[in-house]
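Beneath this line is the structure, given in structure tokens, with notes to follow.
Naming follows writing order (A, B, C and D), and every chain is counted from residue 1.
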């Protein structure tokens, strides 16, 4: 079970709509079950640096099947997996990456959002992820 | 003048529709005037290796404001820019990358397609590019 | 449908047995349907440089669902996808990478072999791939 | 003195058996005395991100002939080798990487495990390492 491109578009556009409502400029990436890029959009005037951050957030979320912000709690100095960010060509371990599940609860991909505050990024990613199970 | 995300989506979805008509599975990337990724879609069951090829075709096209296939004529052994592919983290110099112009003829981005034959990829990319000026 | 680790081990060990019969020292890599490393063995005294070559052959084969040697016929100077090797962090487009199919004919991974002649590498990889459908 | 591929397989399969007993899904990598990949297995449904982490744990352990968890005590902020993780294309300095010694006590390679808790990863790696000296 892998996210289809139609569902990837749906999650991405739901997230984009939420970002517009919040008046936040973001980059949105969706990866499939293999952590490969499936869909992407960069909103006008969003940060250039957020292209890579959004993609890495989505990949990180799928690499470890976790919200990126939850992973970040374990990677701080003194944390049990300190500096794991240096693996896999660079992980992003702050909020904004969220797994995407199907209606049966199986993880089929992930979404990463970057450009707003970490709370906004997480909220927007969550809306994108939820669009698949509604 | 830079392609907007709405136009990037429009070009990408026009290309996708063309690919579906041709019954070809492709990856489609759109970059902006700065050659940064603006929109992307990976059709289900398309080649895994085509994600990177599509993105690199789009970037190559904008890097030098040229159809990638035209660039490839100059990069062969004995050609005037032999092995320029080794620059910019890897160029793709066979057909499938096409500049995107606005109605005034100014280049505002580029589109790259990978997954079909090089003729199909070029045709699909051209449909995407033309969707902006129609 | 993805290759299991038991099947990946089976393919790898069948290839290793063939290499021993041929008295060739090789590296053998198996990737899954997502082109991610699934199993690997480096025979004693095989070339150090073949570790990466074997892995890249397996990935290349799955990236484009093709024997790597067949891909190489298209990437030569004047070929239709000249220098595509510069994509995906480096493709290997000479013989030794072979897709792995299940009994229904669906591609579930790939195997890459490096260390012998290209004919030996291809033969050994083929034995590994065939071990899954026998 | 370098670990043979037969011993690398033996260590890897002993670790895999232990992981199955603990009901943990892990990636297991063995490197030789030269810190080059010698054997690898990715258990079905284990984390995608753990492929690279397991390999980096094994390499880190052999790079400095130390359990990776012990190294991590020295790399924290204020530690004597703070951020050494940035060398060697990325070190992993939390538990799960263990040197492999021969019966004379000489280090001949290392094993890295990723996918469970850090305690499980270390325990599984230790079982793999011990399989060579028993």
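FYI, a contact is a pair of C-beta atoms (placed from the backbone, for glycine too) under 8 Å apart; a residue touches a chain by one contact, two chains touch by 3 or more.
Just so it is clear, the structure is predicted and the values come from calculations on it, not from any experiment.
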Copies subunit C and subunit D touch via same or different residues, half shared test: same
Cα-centroid distance, subunit B relative to subunit D, in whole angstrom: 42
Whole-Å gap separating subunit C and subunit D, where each centre is the average of the chain's CA atoms: 25
Chain centre separation in whole Å, for subunit C relative to subunit B (CA means): 29
Whole-Å gap separating subunit A and subunit C, where each centre is the average of the chain's CA atoms: 32
Subunit C: positions in contact with at least two other chains: 34-36
Overall pattern in which the protein chains touch one another (line/ring/star/complete/other): other
Chains grouped in pairs wherever the two touch, ordered by label: A-B, A-C, A-D, B-C, C-D
Subunit D residues within the subunit A interface of the complex: 47-50, 52-53, 56, 72, 75-77, 83, 85-86, 90-94, 117-118
Residue numbers on subunit C that touch subunit B, as the complex places them: 34-35, 60, 62-65, 77-78, 80-84, 86-88, 91
Complex interface listing, subunit D residues touching subunit C: 2, 4-5, 8-9, 32, 34, 36-44, 48, 51
Residue numbers on subunit C that touch subunit A, as the complex places them: 33-36
